[in-house]
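Each chain gets a letter, A, B, C and D, in the order it is written, and its residues are counted from 1.
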Amino acid sequence: MLKVSSLESGYGETQVLHGVDMDIRKGSVHALLGRNGVGKSTMLKTLIGQLPVRRGRITFQETDITALPSYAIARHGMAYVPETRDIFGALTVRENLQLASRLAPSEGAWSMQDTLAFFPNLEKRLNNGGHQLSGGEQQMLAIGRALMTDPNILILDEPTEGLAPIIIQQIFEKLLALKARGMTILLVEQNLHFALGLADDISLMSRGEIVWHGTSETLAHDTAAQSRWLGV
Amino acid sequence: MDLSFWILQFLNAMQYSMLLFLLSIGLTVIFGLLHFVNLAHASLYMMGAYIGISVAAMTGSFWAAFFLAPMFVTLIGAVLYFTLIDRMRTAGPMNQVLVTFGLIFVFLDLVRMGWGDIALGLDGPASLSGTTRLLGVDYPAYRLFIIALGLGVMATMWLVLARTQIGAMIRASVENTNMAAALGINVSKLFFLVFCFGCALAGLAGVAAAPILSATTTMGITILIPTLIVVVIGGLGSLEGAIVGSVIIGFMETFGAVMIPSFSAVLTYALLAVVLIWRPQGLIPARG
Amino acid sequence: MFYQTKLRSITLIAALIFLACYASFGSYFAREIVVEIIILAILAISLDLCAGFGGMVSLCHGAMMGVAAYGFAIMSAKLGWPLFPSALIGLFAAVVFSGLVGWVTSRTNGIFFIMATLAFGQMAYTFFFKSRWLGGDDGFGGISRFDLSMIGLETNDSLVFTYIGLVILLLAYGLTAIVMRSGFGRTLSGIHVNEDRMKALGVNTAAHRAKAMAFSGFIAGLAGIIAAQHTLYISPELLIWTTSGEALIVVILGGLGTLVGPIIGAILLVLMKHEISNYTDYWHAFIGLVLIFTVLAGGRGVFGQIEYWFNKLTQKHQSTTKPHGDDHA
Amino acid sequence: MKNIATKLALVTGLCLNLGFTMISTASAETKVGLLLPYTGTYASLGNAITEGFELAIEEAGRTEEFTIVIEDTEMKPPVGLAKARKLVYQDEVDVIAGVVSSGVLGAMRDFIHQSQVPLIVANAGNNLATGENCSPYIVRVSFSNGQINRPMGTWLSENGVKTIYTLAPDYAAGHQMIDAFTEAFTAAGGEVIGSEFTPFGQTKDFGPYLTNAQASGADGIFVFYAGGEAINFVKQYGSFNIKTPLYGSGFLTSPLYVEAEGDAAIGVRASLHYIPTLDTAENKAFIKAFQAKYNTMPSEYAVQGYDAALALMAAVDNGGVDRATLASQLPHVSYVGPRGPLEIDPATNNIVQNIYIYDTVMENGALTQKIIDTVPAVRDDVAGCQM
């Protein structure tokens, strides 16, 4: 569904990604793991068009999106939940959600009701400003907002970061529920157990390259790979 | 100094505030969204006045000028956008200031070539030529029209920004351009539309001010400083800031002129200095 | 950070020789032009040390220059003091004014700093404009030039005056270069790059910025003393913000953060203005277009661009100079 | 105008450099430096003065006799001084004419005095230039700030106006104009019951001041405004529908701006040294010639340029051939020009001229000036002038 080949990208004069290949199957949860600073977030930012592709190719649902601007990629059905969540503080929760909704939603798209049903916590906060939410609520809103774009793939950058264990558990269940609904998910995560519990496929990244690839079951048993690439 | 005197001065202050508001709002919205300090905004204001004068001379109608001049100015703005502004967006404030400062010079001489050095005037519409009785005083109808126009633009903008999808899109883009784009908002297009809207407001301010103030080749440069002061005092990029800034400056200059005339020339600068020392980001800075 | 590279030394000397020749062999008016260049160049060097090294783009440098000029003129022409002490008082006034402005604006950055300095500059302008005692906007005359007859110099001779101006320009450059190369200059650049880090290192950044402005005021003051003695007359025109704007154009045109650039910029701007105004009254547009072109061409300025090419050619010495244009882009 | 002159000069300079210098040394011509602003706020004044000056020389058929060198002062005193030095040292002109702003005149004053090159002031009205700071080399054919306004002070008081409120921009000329008016008005028994100076060049809205002036209950408002400020002021006065009559220095409703002011200018009474509707043969001929050449009505500024040239030609006719003889002849010039009889007062070197009190009126669908009264031969006091 999302195919990346020989992808190179970076910031300014420094190159971060040195030829990344990835293939994400429709309906799967794919986790991208690695130590800090190996290029995972850069990878996501390149995928969604926030960083220009220097070399290589990104194909999404048979369409070449390599050179498309960020908004066009989003309209192709790629939704992004950044590490910093980036809730619009000046907008209310309702506006944050409405903003993302398509003008002409497709059949079976995520409506406001669906999203609120999925995240009941958000319903009572609808008229609050984005800046008034707690960390957990912000994460729910960030995911809910991404869902409102009616995505074909959901890209999450460290959704558990900085959250209390009980909230992490809630997020985990929500993502599991999404997976059950058939949502394709690309997940960058530091929390190995979180990732192993959710993902079908796993790619390990080091120094801007994919160094290991396999199913989460394989990784769970490959302690050598874990300690070598993740330092666990 | 009876009550009617104060009502008159209040209306004067309102009128001046609204004129400042029409100018500064375009500048501040463009800054808030594009992070672009467009000093040439003041030149577009001047173009609004001069084009308005020409349109009125050709058609014989103030209202034709009132509606057409902002459109022409928007057209000029669009050309500027595609030739300069867009490619300067990531060039940093210093370069933006310099390029648009250069544009001021260019527009200054363009106006001198096109309209000459002699100050020109524009007659307001006949329907608004007299005075109207309001709150027990006779006040120039055209000035009331300016007040109404300013308040109207203010209310419309507030409604659009606060209550509509496009308003939410603009606020979101002001706060976090990348995230807005990641949600599928065509930020470049939005930028362009907002820029054009800002230019239209500058042109509108120019043609609306022309019947009260004359059109001179230096009007752009002389209005630039008060406009920047309004925007900086209020807080760059925020609608509320532009409103508060215009009202503060409008009222302070008006009542300063009446009550402490010998200090009125420095009053604005003193306020600017105090605000920047006290709150270096302005009174109501934009989020983001 | 500033380095006195060979290229800069050569360009500086070439520029000074060019100005000296232009004044010596050119017409009478050439000397007027050279003095105009000298005043603008010193003012631009003073602005470059603030803007190029400290990131403080000020719009009150005209006022800083004007305060010195008025201080000098008031003491000498109005109060009858001897010329040299009057000049010192003028410079002192400029240093105090600039230091104060630098201190109270030290929390502001970017466009806010620009506006804050504009405010203080315009307040100073308004003060002199409104002062009836000082002739208001008409200004006042009766100023005289330094009497250097004991060393055999007739300052009322326009050529001699021009040469003295060139020497002061060289002094202003040298002084600024030394200070920018010292620890003081490095700290100033450090504050520009990362103010928080310098704070963490225990630098009182506000005080440091204020000191830099005060020093800049001293250099601008030199320009003011020359300006007052050149015209033998003084008016508030000197302090208006557009004077500062012109200095900023010169800095950008020549090359920000190079100190030599401002001299080149001043030569270019003044010559361009005079040449073009011979053909058309619309020279403002031309200057505007040049400014736009300079920024679009990379914003390095004429000298900055030359330096950039030169460094590319001699990559071996790449450690020496890095055009500041990039940092401020 | 300047363009043509400079282009011509350029062409001559490029092609005939040698021949040109030979011609100029061969004939006994007078070299005039025109020192005026052609850019900035006063550019329109500079252009008008140049037009008047060139017309006078052309009309007299003496273009061969006078070489004109044009320099732009940009209304900046240091620039004006630098250009004056250039004219004197490099172009070696015999006489300089022009100068619009008093600041530029102030900057040039000492230099002119020391270099002994005669200067014909064609606008700048600073009282000091023909008062305390007068010089045998500075002759003024335009006006002094006091000269325009004193007669109006006396006239208003004599014509039943008892109390006045004054307004003017807060700069040197504004103060001089108002001071002169106030002095004369008070001396004649009137009372100035309020006075305000508006920030120069910054004031866009006169509403607050007009409201104040009206509230003062004075019999009249007397103001000095010029250029764009005059247009703003008159239009805003009109829009407030103020019943208090408006009087002013004649620049307020100058023919140059009266069209832009529109109906609001009707009924404004002002004093000035030249009115285009002046019914004299000299003026009619002048207007006819001016319109034929420039296709527009002359303003007082054009007349000042015209008279600067007439005065110069008169001095040449009386034997002025170089700087010294021109300087000695200029103060003795007297003739009847478009603005009526005029002469230079040798005691101050300021012009002695009629001041006209006029109303702006609507006639046949156009705004025009109606002269109410003439104050003949107004002469400035010596006021500290020592030649």
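Everything that follows uses one rule, which is that a contact is a pair of C-beta atoms (placed from the backbone, for glycine too) under 8 Å apart; a residue touches a chain by one contact, two chains touch by 3 or more.
The shown structure was predicted, so the numbers you read here are calculated from the model rather than taken from an experiment.
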Target subunit D, source subunit A, minimum contact steps: 2
Chain nearest the overall C-alpha centroid of the shown protein atoms: B
Chain located farthest away, centre of subunit D as origin (C-alpha): A
Centre-of-Cα separation between subunit D and subunit C, whole angstrom: 37
Between subunit C and subunit A, distance of the C-alpha-averaged centres to the nearest whole Å: 53
Distance from subunit C to subunit B - Cα centre to Cα centre, in angstrom: 33
Set of subunit C residues in contact with two or more other chains: 129-130, 281, 284
Set of subunit B residues in contact with two or more other chains: 112, 262, 265
Per-residue multi-chain contacts in subunit D, two or more chains: 43, 170
Footprint of subunit B on subunit D - complex, ascending: 40-41, 43-44, 47, 170, 196-199, 201-205, 207-209, 211-212, 215, 227-228, 231-232, 235-236, 239-241, 256-257, 259-262
Subunit D-facing residues of subunit B, complex: 1, 5, 8-9, 12-13, 15-16, 19, 112, 116-121, 123-124, 129-131, 138-140, 142-143, 211-214, 216-219, 222-223, 253-255, 257-258, 261-262, 264-265
Footprint of subunit D on subunit C - complex, ascending: 27-29, 32, 36, 129-130, 132, 135-142, 158, 227, 230-233, 235, 237-238, 277-281, 283-284
Interface residues, subunit B side, partner subunit A - complex: 165, 168-169, 171-172, 174-176, 178-188, 287-288
Touch list for subunit B against partner subunit C, complex: 37, 84, 87-88, 91-95, 97-99, 101-106, 108-110, 112-113, 225, 228-229, 232, 236, 262, 265-266, 269-270, 272-273, 276-277, 280-282
